[in-house]
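What follows is a set of structures for review.
Two complexes follow with chain A in common, the first pairing it with chain B and the second with chain C.
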Partner chain A sequence: MAFSLAKRLVRSLAVFIVVTFAVFSLMYGNGTGIAHAVLGLNATPEGIQAEVVKLGLDQPLLVQYWQWLSGVAHGDLGNSFYTSESVSSALSNRVPVTLALVFLTLLLTAVLSVILGVTAAVRGGWMDRVLQFISVLGTAVPAFIIAIALVFAFAIHWRVFPATGYVSPNVSPSGWLASISLPVLALLIGAVAGAAAQFRTAVLDQLGRDYVRTLRARGIPEREIIFRNVLRNAAPPGLTALSLTVFGLLGGAVFIEQVFALPGMGQMANMAAQISDVPLVMGTVLVVVVIVLVVNFAGDLAITFLNPKARTR
Partner chain B sequence: MRRIPKAFAVPVTGLVLVLAGCTSQTAAGSSPAASSSGGEKQQLTLAQTVDFYGWDPSNQPGFQGWAAEAVWDQLCKTDANGKAQPDLADKFEVTNGNKTFKAHIREGQKFSDGTPVDSAAVKADFDYASKNGGGQADYKGIKIETPDANNISITWPEAQGPVIDNKACNPKIMPASYLAAKKFDKPVGSGPYVLDTAASTTGSVYTFTKNENHWNAKNYPYKKLVIKVITSDTAAVSALKTGQIDAVLVAQPSVAQVEASPNTKVVKFQGQTTRLLLTDHLGKSIPAIGNLKVRQAINMVFDKAAMAKSLYQGNAEPTGQVFRKGTDAYIDGLQDPYPFDVAKAKSLMAEAGYSNGFTLNLPTMTGQNFETLMPYVTQQLAQLNIKVKQVPLTGANAIGDLLSGKYPVVLWQLGNLGNSALQIYIESTPAGWWDLMHQPDQYVDSRWKQITTADPQTAAKLQKEINQYQVDQAWFAPMVYMGTNYAYNSSKVSIPTESDQEALTPKLRDFK
Partner chain C sequence: MTAGPERTALEDEVSLAKEPPRRSVTRLLLRHPLGAPCLVLLLMVVLVAVFAPWVAPWGPQETDLAATNAPPLTPGHLLGGDSAGLDILSRLIWGSRQTVVAVLIVVIVSVAIGVTTGLAAGFYRGRLDGAVGFVSDVIMSLPGIVLLIALYALTGPNIPVAMAVFGVIVAPTYYRLVRAIVLGVRNELYVDAARVVGLSDFRIVGRHVLWAVRAPVIIQTSFVMAAGIGIEAGISFLGLGDPASASWGIVLQNSFNGIYNNPWGVVWPALAVSLTILALILLGNALSDVLQSSARSKVLPKRRRREIVAASARQREEQPVNDSILVGSSDDVILSVRGLRIAYPDAQGGVNEVVHGVDLDVRRGEIHGLVGESGSGKSQIAFSTLGILPREAVILGGSILLDGEDLLADEARMRAARGRRIAYIPQEPMSNLDPSFTIGSQLSRGLRAARPMPKKDAKKLLVDLLVRVGITDPERVLRLYPHEISGGMAQRVLICGAVASDPDIIIADEPTTALDVTVQAEVLELLRELDHERGLAMILVTHNLGVVADICDVVSVMKDGNIVERADVDSLFAAPNQPYTQQLLASSRTVELMEV
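Take a look at the complex of A and B:
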């Protein structure tokens, strides 16, 4: 077990290095452009060159990357080229917003997709057809289109929720819920559409298995068969779908944060990437890579817990 | 009918309760209603479409620069025509043949950290501006004298002419100790507001409380100022319509829906002139552009009236000059010498020996309305067999590449300034960053030199001569005056004045 964990850790570290180095390399070599953008239109060539040196952008790629990596190891993610704000400070303000959005959506997705997927698989008929239709629609319509429609209906027309902005739960829990409701709903529709279909398929697959017929033949109540046996065996593909949903939600959050003016990580990453604010971009990449690795790990753990066969691998 | 299984009932009920609990929160965070108390109002909530780059005073934007205007005073402020108005300096004059700006600093002013505003602090700020930020070139070689704590004179090595006011009024004034330490985590100034760091999040929302001791406090009626960063036009319009913000710049396509909303108005600024900059007058990079007849031909293929009507939905005005109406360089009654006439344009190209045209690389960037303009410009230039190749510029390199001279011809919605002399300096003199090829021209350069030492009337006459020359030489292909659209909640806010010499947005002091 310890060996397996160690192997996972080494693999995760390798993924981290490869991804961060790849992103860093893509942004390398733009020192003059960045310095000019920082200083503005009327910057002189001498001023630009001085700024390049000040920001350390005249160093070779490997040197710059190593400096960044060393900083990360010491908890120093650097400072924004443009605002000089510490990247750690910027992330500490923004990551909770994105995480709240993503994980609240994920929680609701898990609950709703299980309910809908199981119901559709068990009851079949018109419910199943409705779910399939909704799945296609929810997957086809982008989240930001849904977001705009929600804003129009619930914020502008009926004035039920705020159109933009974020209230921290520390400031007001009810204000937080209100400010996060429409963004979560915008992401939820597409996420549930995909995950519910996965659960439905997994449950249908299990319902057709011999062991289910055997359990029915023994007179076990249908409810018990579904909750004690079918769901447990249908969980792995469902959990895999859910962990993939997290990655989709992280990407979708970038657009949703724009539409609702949420001060999240996605909005910051979008702005930082446009102006090549390398420390901020790398800070965001670091957080995302860590989230991806942790979610993958948690998903594997959950599957192992639910499915004893997976423990032997 | 099957009942919902109990195991599902709990989460479903929970979901309903969560969402129901939100219905009591309508328009959370909406801007408080204005209430007058001796002329004072509670809160002004503005949105800006881009964030600014921290609190380094040498690196503050003029465009949507309300945060800087809130926390810092300057020695003087420029009005809509670029003329200096009192700020920290209550008296000032330009002497020494337009080389020296002498000012008297108001008595008894203090920074937000309690230290006094004096000539030593102002000197430190000008010294800092000469070595930091994008405007260093404006303060190269200056000498500063501070005979006492309330008097200062700044002398440039050469005469500055009508741009001396802009240069004297630009640096933000803060205590010298912070500049020396480059300590810019929060701004310290003597401005009409003080940043509330606890209620601010970088890149998202900045909150300021009024400085009741400010020398001009009565001109800023709002006790609290909130600036939100909303980069999406959709989000900004939604926020304005639901009362979450009081004012914001909106894109042209959003104007109609904003104007249709109750209690919202749109101020239409015309601080820009859409034009092609034809900067390679000597034909060094694009020989064809060095030919006057080619430049004139390019001027004649654009139907400006149709552009104003169709591309700008009527929110533009055809023009044959790049300077704003009412400025010193503007020539009243000038007939456009290049009317829309494709046949004539083609014959000019033939006379110049370019009937087969040439290839032209035109850079494009987001945010400059190229999606609307470029297809038309491409189509019309094609009538002269000029094949346009669009070169998208993105990321941090975009500005550098644009101004590098790599693209001598650029399509841009470039500002027309309230101080036309400044515009001439920026666009037409070799030192100007929008004179992309930085090519000397004896006519313009000699007149510019005279402008720097001339009295105002002579300077105005010389500016008109430069304008006429540029029109005759077709240095630009001006198309329309257009500008930005500033939407605001008219039931809460009024904007009775427009102080921005760039005419892009109201200044903070314009909001009442």
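Take a look at the complex of A and C:
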């Protein structure tokens, strides 16, 4: 077990290097373009050349990446090309907003999709069909359109929630909750639709297994079989579905932050990309990759722990 | 060598083997309740895109200051105007062009990359598979939109490039799908046959493997198209598109920015995007219904089940049929099955009867063999006596009497009998143990559900019983997980689980089929001993006449859902009445001879 964990760790590290290097070369590949964008439209060729040197964009790509990577190791992600604010301090303001949004949604998704998925699988009938229909709708409509619909309905029509904007929980916990309710709801619909369908499939799969028939034949009550055996064995695919949900939510958050004007890292990355402030974009990519890898690793770890074959070895 | 003609003949046979019956997919799709409307809507989007210059009332950049923030139904501006006085309807019509082009780029790139790598990785496996798998992991470890934002820093607003990159991002979904299917198909007989015949890898992939991945890839494509539309609209909405061009996402962005001045403006682009995506997803579902319908078992709604049962009962009254042989009653009978009929839903919404009114009596202490080839309905009878038929099964009629009380008529009575008075020994030992719990916990829970007792007593009883079924170190085995024991040991554990609750009758469904030959004999011997010691009755379902001859007292022979012959073992083997039984006996003797 320790060996397989070490192997996974090495693999995660490899993925980290490959992804960050690929994105890095994508963005830093065009040094003069960046300098041009930073200086604006009336930049002279000499000015651009000077800016390229000043920003260190004249060095070979590998050297630049190496400098970035060794900076990362020391917690230094560089500075914004525009404000000279350090990327890590910009991120430290932005990341918590996004993380709160993503993990609050994840928590609700986990609870709701287990309840809905299990109910649909076990009860079947009309409940199952209703759930499947909602699930199609929920996966079909992109989160940012749901968000716009919510703004349209709750904030413009009925004026129940603040339309957009963000209140820090340090300022007012209830204000924070109100400002984050619609964003969470917008992300939640699609996430639950996807994850509940996965849970349903996992539970149905287990219900069709031979051991369930044997447990039934032993006279063990159906309820106990579902809550102890079926749920236990449906947990690994369920966890995989939830870790995929995190990736989906991280992507969806970019749009949601835009719609609701939340000062999260997605919104920051989007604005930074439009003005070629590449260190900020790169910092966001780093955070996202790390979150994805950590979630993946934690998910794998949990699944390994749940699997007696891997655990007893 | 020079076996030209034979070779082509065999080749044809090989490819015929997998060819499903030819039906027009298009026609089936049009008849599907969701297929036709979705196709019509999508066709409309494509037509509007192609003929935009003729359809759109205004040019893509044509402003009409009078229409600034105009509400819907303004004359000349059906859906109103945006903050710059652009006609929303026209902008959407022009925008559909970008949508169609974007989706085409995504599909072409992702299918080209995903399907080829999936085919190659699945077919050749090895290092190639590992490398492609790693790349796919890398791609999937970054949400697509984050990569597209990073890309913007390089290319600026460039939707075609962004869509091509998105195609690369979704390619792993095809890769995974295709690879999994190819791995499955690869070792199937018809691919082996093609190999033996000497077809090149390229031709095998072309002729046989591509056929297998065709349907799933088509279905997946409609979902990828949906994702492509979403992402195209999304990045335009984020402001990463070309603001000068017309696209659904840009209309949405403009309207959203002006939502306080003209709230209805956001509705139209949002509807255009959502409805198109919805149509694609529903089309994907319809396609998978049409192309993969056989793979699904469906549970009929309760009302439909009642209707079917009632209709079948009426039909039975009108024209009684007695396919099965009847039995006379006897006082010593513990379990008797009367007129049992079981059916399964078919593809047309009706049902297909698989057990046709079976009668069966089992006396106390008797080992009753139920023989027949697979599909003859013998396992169905076994499951129905325990009330553990699959959910989609429909019991059309009949009764199962335990000591004269009908278990089918009363669910509570069935529950009370199951596991307590009637026990079950399954066929495949490993899959019948829950992999996540220890042997001890599974056995103890089963025993205590049947006979409530303290955990300690249950454990003591189980330890003794495990020794009895031939397990020498019961204390250790109780702590093990199913994957840590052998198949033979697992079957002993399952026998122990069946016997522990001290039942009156055991239903054993092919209890030795999955075991090694040497273990088979031991397990049969164990069953016989337990039967004698405890005065158990047993229904032994098997296709193996050797097993029947070995331990059964009475045999019922099943064919096509009917019992065609019933007799004492000795008389059946000495003088079979029915032609089918004679055939069965003859074929089993041939097999024995061949084995010798």
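To be clear about the criterion, the second predicted complex is superposed on the first by the 303 of 313 C-alpha atoms of A that agree within 3 Å, B and C clash if a C-alpha of one lies under 4 Å from a C-alpha of the other, contacts with A are read in each partner's own complex, and residues count from 1 in each chain.
Just so it is clear, a contact is a pair of C-beta atoms (placed from the backbone, for glycine too) under 8 Å apart; a residue touches a chain by one contact, two chains touch by 3 or more.
The structure displayed is predicted, hence computed values, not measured ones.
A.B. asks: Aligned on chain A, chain B and chain C: do they clash or fit?
C.D. replies: In the arrangement built by aligning on chain A, the partners chain C and chain B clash.
A.B. asks: What is the contact status of A:Ala149 with respect to chain B (first) and chain C (second): first, second, both, or neither?
C.D. replies: In the superposition, A:Ala149 touches chain C alone.
A.B. asks: Mind working out whether A:Val259 is in touch with chain B, chain C, both or neither, as first, second, both or neither?
C.D. replies: both
A.B. asks: After superposition on the shared chain, which partner residues are touched by A:Asn30: those of chain B (first), chain C (second), both, or neither?
C.D. replies: In the superposition, A:Asn30 touches chain B and chain C alike.
A.B. asks: Taking the superposition on A as described, I'd like to know which of chain B and chain C A:Arg209 touches: first, second, both or neither.
C.D. replies: second
A.B. asks: In the overlaid three-chain picture, which partner chain does A:Gln274 touch, first (chain B) or second (chain C), both, or neither?
C.D. replies: both
A.B. asks: Output check: A:Leu177 vs chain B and chain C. Expected answer is one of first, second, both, neither. What do you get?
C.D. replies: first
A.B. asks: Does the superposition put A:Asn229 against chain B (first), chain C (second), both, or neither?
C.D. replies: second
A.B. asks: Any idea which of 312-320, 438-446, 456-464 or 492-500 of chain B is the one running into chain C?
C.D. replies: For chain B, the listed stretch overlapping chain C after superposition is 312-320.
A.B. asks: Based on the A-chain superposition described above, do chain B and chain C contact any of the same residues on chain A, and if so which?
C.D. replies: In chain A, residues 30, 33-34, 148, 151-152, 156, 258-259, 274, 276 are touched by chain B and also by chain C.
A.B. asks: Which bits of chain B are touching chain A when the two form their complex?
C.D. replies: 2, 5, 7-8, 11-12, 15, 18-19, 21-30, 51, 53-54, 56, 59, 61, 133-138, 184-185, 201-205, 228-232, 234-236, 238-239, 241-242, 244, 394-401, 403, 426, 433
A.B. asks: Which part of chain A faces chain C closely enough to touch in the complex?
C.D. replies: 11, 14-15, 18-19, 22-23, 26-27, 29-30, 33-34, 124-126, 136-137, 139-142, 144-145, 148-149, 151-152, 156-157, 207-211, 213-221, 224, 229, 232-233, 247-248, 250-251, 254-255, 258-259, 266, 269-270, 273-274, 276, 278, 281-282, 284-285, 288-289, 292-293, 296, 306-309, 312
A.B. asks: Residues of chain C touching chain A in their complex?
C.D. replies: 134, 137-138, 140-147, 149-154, 226, 230, 233-234, 237-240, 252, 256, 259-260, 263, 266-267, 270, 273-274, 277-278, 281-282, 285, 299, 301-302, 383, 386-388, 390-391, 415, 418-420, 423-424, 426, 428, 431-437, 442, 445-446, 449-450, 481, 483-484, 494, 497, 501, 507
A.B. asks: State the interface residues of chain A toward chain B in the complex, per the touch definition above.
C.D. replies: 30, 32-34, 36-44, 46-48, 80, 82-85, 89-90, 93-94, 108, 111-112, 115, 119, 123, 148, 151-152, 155-156, 159-167, 174-175, 177-179, 181, 223, 227, 258-261, 263, 267-268, 271, 274-276
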